[in-house]
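In the part that follows, the structures are each spelled out as structure tokens.
Look at the two complexes coming up: chain A is in both, with chain B in one and chain C in the other.
Coming up: the complex of A and B.
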């Protein structure tokens, strides 16, 4: 009875002498191996060479500043409440007179901490942020840590460096696809 | 001769028939049905007399005025100040024009309201936030500049953000009815109308802090709680104390072991029934000064419950019914004995009786 027409007839016939010495088969196999010596290598020497993971990869966090270098974060707590791993904690403070160049709004995060052991890099904080203050960098990972005190990142590590601003080619997958087609260079996000 | 027994009016609200005494407003009748049916209210505040009719959030459609005159009312009417009539038919969520009107009301309320929820301390328990979320549009169409005010300092306890005010007049009625003399009110007219005090006079009444609780938005907030924490990171607990000025029944808001805010208790409509004094609200911020009763029950869908792992406790109805059915009165008439000798004598007597009984059974 035939159930499918994919079944193959199997033969049990004896191999010929040429087949039995395996030399042609070995030569074919070696040929395939040698062919790959001259092809492009698929592996990368990782710590020295890094692959581009695309514009919307979720790496380490950055607390963005605006064009004038003021911190965008107002400590509204939406990132912390959105965080499924409860990695984020903050303490808010009121902006004093004369600090208008440091903080964008009346209220700011005096302490902003992310526990990198807890963080699962889901990017929900980025989505929840109403002030576009927190982003996960597409170009940098959280470095491997070996000590306990390296785990909780404060504002010293998270706040953006104005001399080396974080730029991103696109901020959503759709945008990335569009810009790939147009061939646009990375732009800092200026709108609120 | 007229009958003296109260005659009940039968009204139909969203297709549900209820009977209410005459003089009830449509809002109060709807609230008897439950939070699912009641229209939203921004200015109406049941414990304060005279509130309502200002914000238009509670507009409903009356499709039949009464049994005697079943014509529909031509316009949408505010349910909080309209009293019911026998045979009235009201449509709330079942009427498309009501829902459309509410979207417009949200838009009007938000015209001059700043979108500073990330900064505002009221966020998370703000009635305007809830109202806009449930009934409003997603985006704003308003492009003009928003109205702003000069900043007023109205004392060390209450923070006034006039830009956030929606002119519901609740705080004015609070001051009129809870306190002896009012020092703040609405000044100017129209677009310039603002809550303020005459000649920057500080609010120093013992119950002035209650304007914080009645404010539906973040216009009046607790200065001692300013930017301390977000509402949803704090844990509310019911507590009371012996206070000579007020009932002393409050809700404490904890961050860790620290009380960071004290408010009056709010019911399911967000209304305070028992107002508390300023001493309780602003100065008693130690756990040792309070007797804690239980965690505040909050709807599981509220943002205040976010990231808290306590299921919203609901005791099963059946168990309570069984307990009620099996309940027996205990004879409490026996004297309460404290004297050691008497107790010893009585126990001897009781033991002798018990021994006799057991011996009798054995024989």
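Coming up: the complex of A and C.
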């Protein structure tokens, strides 16, 4: 059975003189490395340069609002049930009179917390949600945290900012290719 | 003589201090260059966070080294454990004393009296032997350190270092003998002076050069011959147990050795501070600036040329390191004993034959 076309027949024939003195091979090797020395570097200087990881990348969560800025979540708890890491917890509350501009449904999540140390970014919460309220952003990570109280994200961090809404132009690789969404988003620092 | 002895002394002292400082500086920045070269050859960028272009990286590394815990294993022989890196560093630094970094600096104390101070710490007439002696002493640093650590891996590394250095010193010496036969002198300055202009030894001794540079790699414990410390088999080899600045000394000594052996290569085979057209440059400079100033500027240019050559070989060390994989131990010994030593002997015979028969022939042709 042949898996690739790259297999080579092993030969045990005697090495030629040039092969035995090894120097031509060294010279070839030195040529290869020096060629790479002058080649373009592939490093992306990460915090300075960020690339688009594709439309299906699962980054940090966002609690979506609808077009009028109302929270979509109805605190049904399906995301918490679906979560394999048991990272989500919430406290439900009933919408009061006059709060119709804040919450879309009659029941809402007064507290909605995700423990970012437990979360494995599987995206099952996103799939479970019947209200299309929770999404994993494709463009942002959970930033590095250094303090314990930065680990659990509440609604203040999760809820969508209406001035800077999270919109996804493409939902699949193919769509991204059609719309020609390019890889590198930011420019590198001028340093080498 | 007595009047200007102190001026000569001051100039000499400045030269010695400069050589010391420059050697250390080059060794420091070799660590940076090594990382940059490695990165570039692997299509990476390398250190670039400390200072512009990462130029402060060696300083940051040194600070890190100093702040690490200086650990001495309980079962080690304490004094030998401390002595090891000191020996390595000492011998590495001492070798640069006999290398001629440039021609000479002239000054005149009284009209008509011109003093000549060589740009070299000491011009001993056995310079080559001195370097060899120190290089073979250098392996004691590794051996003492490896033995004192009381650790199997360190001991293995030390044994390897010792046997490797002994094996390769022989062929290195034999390679140099061919040069000594040509020049008839053990003084490195004489050897360099005989390569005036573009008349470099590499054109007469290509085989000797290949032998010498291979052995230099082995003596400096550089890849592809870095068996004494090969990380994959021996963790860190002889410096497994070392930490903090003692480890720093070992690593630093390696880079100093690298620079010194590069300087040796360029003075023995590539004409040291000689370059084609140097007479013309000197004539122009003396014509324009006067006898003494012109000579000094010409010396400076020669020194720069010398450093250029040496640094190229430092780069070559790195270039090879990131190209070739490590040799296996038996391959190393095979190459040393069955390859290089016979080759070096053949080279000596060929050189002797050329001196005996070819030289008179060429001379008679030229007449």
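FYI, the second predicted complex is superposed on the first by the 143 of 192 C-alpha atoms of A that agree within 3 Å, B and C clash if a C-alpha of one lies under 4 Å from a C-alpha of the other, contacts with A are read in each partner's own complex, and residues count from 1 in each chain.
Heads up, the rule we're going with is that a contact is a pair of C-beta atoms (placed from the backbone, for glycine too) under 8 Å apart; a residue touches a chain by one contact, two chains touch by 3 or more.
Just so you know, these numbers come straight off a predicted model, no measurement behind them.
S.K.: Determine, under the contact definition given at the top, whether A:42 touches first (chain B), second (chain C), both, or neither.
M.R.: A:42: touches chain C, not chain B.
S.K.: Once the structures are superposed on A, label A:29 by its partner contacts, choosing first (chain B), second (chain C), both or neither.
M.R.: In the superposition, A:29 contacts chain C only.
S.K.: On the A-aligned overlay, A:86 touches which partner chain: chain B = first, chain C = second, or both, or neither?
M.R.: In the superposition, A:86 touches chain B alone.
S.K.: Which partner does A:131 contact after superposing on A: first (chain B), second (chain C), both, neither?
M.R.: First partner only.
S.K.: Looking at A:94 after the superposition, I want to know if it touches chain B, chain C, both of them or none. Which is it: first, second, both, neither?
M.R.: In the superposition, A:94 contacts chain B only.
S.K.: Just checking: does A:105 make contact with chain B only, chain C only, both, or neither of them? Give me first, second, both or neither.
M.R.: first
S.K.: Of the partners chain B and chain C, which touch A:76 in the superposed model: first, second, both, neither?
M.R.: A:76 contacts chain B only, not chain C.
S.K.: Which chain A residues contact chain B in one complex and chain C in the other?
M.R.: Of chain A, no residue contacts chain B in one complex and chain C in the other.
S.K.: Which bits of chain B are touching chain A when the two form their complex?
M.R.: 116-119, 123, 226-230, 232-233, 303, 306-307
S.K.: Where on chain C does chain A make contact in their complex?
M.R.: Result: residues 37, 39-45, 48, 52-53, 210, 319-320, 322-324 of chain C touch chain A.
S.K.: In the complex, go through chain A and note every residue touching chain C.
M.R.: Answer in residue numbers: 23, 26, 29-30, 32-34, 36-37, 39-43, 45, 191-192.
S.K.: Can you list the residues on chain A that touch chain B in the complex?
M.R.: My answer: residues 74-78, 80-81, 86, 92-94, 105-107, 130-131.
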